[in-house]
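In what comes next, subunit A is part of two complexes: it sits with subunit B in the first one and with subunit C in the second one.
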Partner chain A sequence: MKDDCRIGFYICNCGTNIAKVVDAEQVCERIAGLPGVACARAYKYMCSNPGQEMITRDIRERGLNRVVVAACSPRMHEPTFRKALEAAGLNPYLLEMANIREQCSWVHDDPRAATAKACDLAHAAVRRVRYHQPLEKVEASYAPATLVLGGGIAGLTVAVELAEASQPVYLVEREGKLGGNVGRADLTAPYLDSARDILAEKIARAEASPKLDILLRSELVELRGFVGNFRATVRTTGGPTRDLAVGAVVVCTGYQEFDATRIERLGYGRFPDVITSFELERRLRMGRLETDDGRIPRYVSIVHCVGSRNPRYHPYCSRVCCMTALKYGHEIKSALPAAMVTDLYVDMLSFGKGGEDFYRRTSELKTMFLMYEKGDPPRVRAAEPGDDCGLLVQVNERLSGEVIDVPADLVVLMVGMEARADGGDVARTVGISQDRQGWFIESHPKLAPVSTATEGVYIAGCCQSPKDIPDSVAQARAAAAMVLAHVAQGKIEVDARFAEIDPDRCSGCRMCNELCPYTAITFDPDERRSSVQSALCKACGTCVAACPSGAITARHFTDKQIFEQIEGVLAWSSSRSS
Partner chain B sequence: MAVRANPHLIEELEKYGAQDVVKCYHCGNCSATCPFSGGTYLFPRKSMRYLQMGLESRLRATLEPWLCYYCGECSDQCPREAEPGETMMSMRRWLTSRYDFTGISALFYRSWRAELIAIVVVALLTGIGLTIFGLTYGDLNVYDGEGAFLPAAAIHRFDWAMAIVLVILLGINCVRMWWFTVGGDRGVRVPLREYLKLAFLVPLHFFTQKRFRQCNEKRPWAVHLVLMFSYLTMLILIMFFLHYLQDGPAINWVAHGFGYAAALGLVGTAIYAVHGRIKKTETHYRHSHETDWIFLGLLALVSATGIIQHVLHRTGQPAAANVLYVAHMMGVVPMLVLEVPFSKWSHMAYRPLAMYLSALREKAVAVESAPADKRAAVAQTA
Partner chain C sequence: MEFEPIIVGFLCNWCSYTGADLAGTARIKHRPNLRTIRVMCSGRVDPTFVLKAFAAGADGVLVCGCHPGDCHYIEGNYKTMRRMELLGQLVRAYGIDERRVRLEWVSASEGERFARLVDEMTLELRQLGPCKLRPTVAALANDFDGLSRAVTAQVAASGEVTHG
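The block that comes next holds the complex of A and B.
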């Protein structure tokens, strides 16, 4: 096979990104002399249209059957050049890329050594590509139904968007009613519109939609299968356990609030008039803004960053508390114009649309803003007899250096968001991972914010990280759009790179079953053989390396290909060192 | 020791004329532009912050508002239009009401109606008292000579009595000011020696207003000095040389020369200030508290009645002159009784006193930061 190879070699200057360190012409000359190389060219931008057309034309006119592109990382432009091969009728897997930008020109400054290294990398790619085989992508069907976990604002949004696009949706909610944490709030910042109105509209749409199946008091027990072809087992308390066929899963399990008793000096649990933001929301919703013994509060102190931005508890910012605290300033002032509000804050983060303006308007209500040090939260104590307030909040004011006693009848703790305690169970069930704080991890923080490492499983809302309602809704709609894009195609293309187990050589030791990070390997107890579900496999190679019988081969990463690549890297460097 | 915050402090100061304090975001432009700010004193920014933090006890203990003469640079430079200059002005009103033990000052500053009613009542009492006194003891001729019921000697007795009452009232308030700012501050100890050594600062600043002159804009200082010297001249003439003014028919040009100059000064500065406040010609005239207008109104009333009364007397119309004299006294008495201890006139005592107290504080701060052995030595001598 390798004797009839006609390899085209293309080296990219990437403007000056590569060319300023690597002598592309010299690399071209050396590679041109290798056996099987039919043509070698350098070009300013290979990824540009003329660059791609150059490859396509050469394949057609010169009868190339292998292509090597020495350019940037394959994560960047491998899909681009594969398309160029396909355009000329060549199987896209007959391409190999040599990364001479990220792994060479960007990290070296000696042109001579960098050029030599680029030659080695290119040589390796040329050696490897000779053993590439044409591979065909596998197609699988895509079930139109979607499973949405969590009936908060994010889950409701995903479900309504999909159902109104005429796709079947199962909305699974653990509690007895929809709404989640937004359902516990009164008004919303910065426009002071009612949280209940926002939810009521969404819930009405959800309930009216014939495509939407709302499963209350239900939990996902098990998820099997792969993108487009999941089988979800959902158990309903006091009801049936269902087995649902879904194409995608959107996780919108939200957050839980920080337990304020953990910061002892705040006095939560000790003083009945120290309450959390959610307890205040409930009082505001009921229209009864009073102290524990039924008095009208004259002084209200709001403590920001309770559990947030503190290395002892949670290092991150919970993002909604500052704006919510400012909102309380407005709500308290409009309910009790004589009450004085004090905000004890660390930094005022009133970012986002309408945020700064909201802060300005709150300070014009004569809200007192006192700043405290991150690691030094205020200390709450009972007021002395004869004081005109019930509590005193002592704060080390950071801007003035003063130790200040703030009078308070009601102390409101802005409890931060934290990942749900049982988030790990959800993560394991659907096959996604969590960061150190327990938030679910997205594929890419900027470019793929709602995808996860498991294809077909998406995340939206606060289960990914703390966020406000607009951001949760935006993510939810993004996830809905991701699902709809697949549903519209009706099928899923599975990458042709995956691991295969030779049943004749498999001893059935099951070592690979445990190791596979994508749970793509199943064991057939009757045959006593393991097999890979190609759609789930990411061709990471873990099982290939682990298999004691050498029974597993990763397509496109065969032993021969990798050994050739290693030989190629070493071929010239060994001659240099000797 | 923690300081107690009063969340109502800004609202309280607003009753004294403060506005837009909440707009301040502490950029510090005001303090950068102020020629007095720096070193120990970082105003007006620091006072603005005390206000926003509701630190009433800290604000009561500060001398900073008295060290500001409201040139208006800070308000002009403020990017938030938070009016720091006007805030300092309102703090002076508020501090005046804190020093005043009677509570009358607080009442007047927070309610111009109360002040106006008090002025009218005192004026009426003065008018009725003089009329009854005159009708009981002879005709209404106030001037020396046949049938005069208020010869210069009687007036002297009257105004000395009033002066003693006023000095006692103002004196108590000054002691309170000392206690709030220096005496009652446990963190500060001033050796008695320094009290004596620095005492000269009070008359120095009283007569020269030299600190005011350090403002970039010199005109307000000049106007203020003219106003103060005119008052002082009038005061000295009336308290010590009244008979020279009342003797007639020949004019005593030495006494009258001073009198005319002082009258010109008072009328001139009154017209200047009224014009300035109406047209808002200078930054410190941009905002006018009701008490500013009452003060100017009284000044104009007293000047006008005094001049007309003098003209009538000298042109031989005794009956009309006597009526005008009673009217004049109906302005003078409320002005002295109500304005000196309780309102704007008290500044004449508080400002030089503040310079003295601030110098004392600086000495005390030096004592605090001195090495331990030296501090002990100083404490012993104290």
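The block that comes next holds the complex of A and C.
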């Protein structure tokens, strides 16, 4: 037990986020009475500058040597508060956080129970921090090369940015050519510039760059190592398998389109004149805006939200199809002024720069807009012999409340975006996670939108969620900037948590040797002792829990620290405590 | 007043702790009975921790890790799985109902699943009532080395049973 501990305890109100459920004053009072606690304060926003300064000042003026902050998740602000300790010259590892927002005030309604829980978590943190030890961060080198996975507009952008900043890049694309889904489009909304031009410029820059290695028909089969020091195994069909040393990986694997045959009533696959947006793009690109049997369509019907915003398929909005549909209205009307275009939509989402203006301009082209109910897509059937059209699209029109048959020679389905079927394999290979819909998850939606849970692995473009070209490019450039910031430093601080073996306690049983997933443990046959190579160890703690001699310590996650935490969470609340 | 069990949770940093945070961000309400302790990987959860929790007054212990195959550390959670089998036998040997210990997989995206798990386990423990320990186990609560020696011996003994 550390008798000389002077702990500063800070509880954050987080505006009202915490304080409206947890009685922060009460937590403060109870914690103040614990041994070793030198001061206990509640403050409105601990992560704000005044909040951090409060900690720094108290460390200096009151001689604190440990700090506990009860606030949001440590995944959010642990780095922030560690910096506050450093600013006062205190080792950053002498901090512990209690998560009383994400795991308490946001998920509980009963103020009494939530306050009791917050007290327990804070108590545990105070008990634990007494056994924290100052640790030094470890430095590792940062390989300058980057692996970019996927050569769509996002991947191309990342690769070109990095290569033009003189950093080596491997651009790994599964297909035989670059460009991804943008390569399948004709003009792009809302400014109607040509997709081909946008891509051609990027591809030309990529091909011209001596720093950029384009690996087509290639896949990433394995990724080992850690940030700054990855080893990537890339296999090329009909070519060599390469082992590449890279410092970072940027995943830009994009999306696939929704399979329209899944919504049977739309008739896709049954009627040749029911086509998807991509099939229409193809016809537009070839300048052949016609039906399957080569006639000029007089009626074109465009169905929005195919597979999107429908609880049976995908609950989310695919974000680009409304704009794309407007673009089709515009292109069709310019090519065939006499054609009648009907848009069957749920809500018209034409947000973003230039979006509303584009909506206004295209709707002036005498497109007819009919609204259908979410989850009740229109039904396509063959027209009667007497009708002057090939198909009839039946829609329960929401504004008029009537059932309307819309004539059509061509029906265009605005198929939504979905996560690629093999996204799970990619996620596993690079160690990132997917949400329920299969999109890759960012570290923080607002504050760290292109980082992931695995340091050194970034995501950009549609693999993160549906988005248009401007947003994909913005993310790509953000990811490139993240990589460049690290490469410029040439080294990386690796967390000081790793396992250590006490040679005096190690019996040489070698049990830990094969358990380590990173082969970080080596055995010295002469000494008959095992030891951990700290640069390889990722601090999972598996060996620690397995060593029969108790010879292994997980720095910052020691048995003693966890034991104290266990006692701390139970001291006030357990049914046997009183 | 109804009995409110206290559950000690060991959540791995990469998946389950993130999943629990997600439940928060998404405001998915659940019972306030869990007290979470963060570990880097479920592979770090030493059987001693579990016993220690009971000795210190927990009514249940919930260990959460990434789904098999998704462990951030490649295979830490397979090891946890094997260890938890032994743990079942271990707690029984100490007279603790096996239902009081659960190992569950919660991914970073499964906030909802995490919340339902906490609710489920809380209800089950309410029915089981407070965990009563044999005096010998309770006595070990503050004897760290004694506890880990007892656990190691027990694991070694039951290890032979399962591997045999």
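Methods note: the second predicted complex is superposed on the first by the 370 of 578 C-alpha atoms of A that agree within 3 Å, B and C clash if a C-alpha of one lies under 4 Å from a C-alpha of the other, contacts with A are read in each partner's own complex, and residues count from 1 in each chain.
Methods note: contacts are C-beta pairs under 8 Å (C-beta built on N, C-alpha and C of every residue); 3 or more make two chains touch, one makes a residue touch a chain.
If you're wondering where the values come from, they're calculated on a predicted model, not measured in any experiment.
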Subunit A residues touched - subunit C or subunit B, whichever exceeds: C
Which superposed partner A:Cys540 touches (first subunit B, second subunit C, both, neither): second
Partner chain(s) touched by A:Pro548 [first = subunit B, second = subunit C, both, neither]: second
Partner chain in contact with A:Trp106 - subunit B first, subunit C second, else both or neither: second
First, second, both or neither for A:Asp435, with subunit B first and subunit C second: second
Partner chain(s) touched by A:Val406 [first = subunit B, second = subunit C, both, neither]: first
Residues on subunit A lying within both footprints (that of subunit B and that of subunit C): none
Residue numbers on subunit A that touch subunit C, as the complex places them: 73-75, 99, 101-104, 106-110, 113-114, 116-117, 120-121, 124, 428, 431, 433-436, 441, 453-454, 497, 515, 517-518, 538-542, 544-546, 548, 550, 554, 557, 559-560, 562-563, 565-567, 569-571, 573-577
Residue numbers on subunit A that touch subunit B, as the complex places them: 299, 340-342, 363-364, 366, 368-370, 394, 397, 399-400, 402-407
Touch list for subunit C against partner subunit A, complex: 3-6, 8, 14-15, 17-18, 20-21, 23-25, 27-30, 32, 35-41, 43-49, 52-53, 56-59, 69-70, 72-76, 79, 83, 107-109, 115, 130-131, 144, 148, 152, 156
For the subunit B and subunit A complex, residues of the former touching the latter: 1-8, 10-11, 22-23, 26, 49-50, 52-55, 58
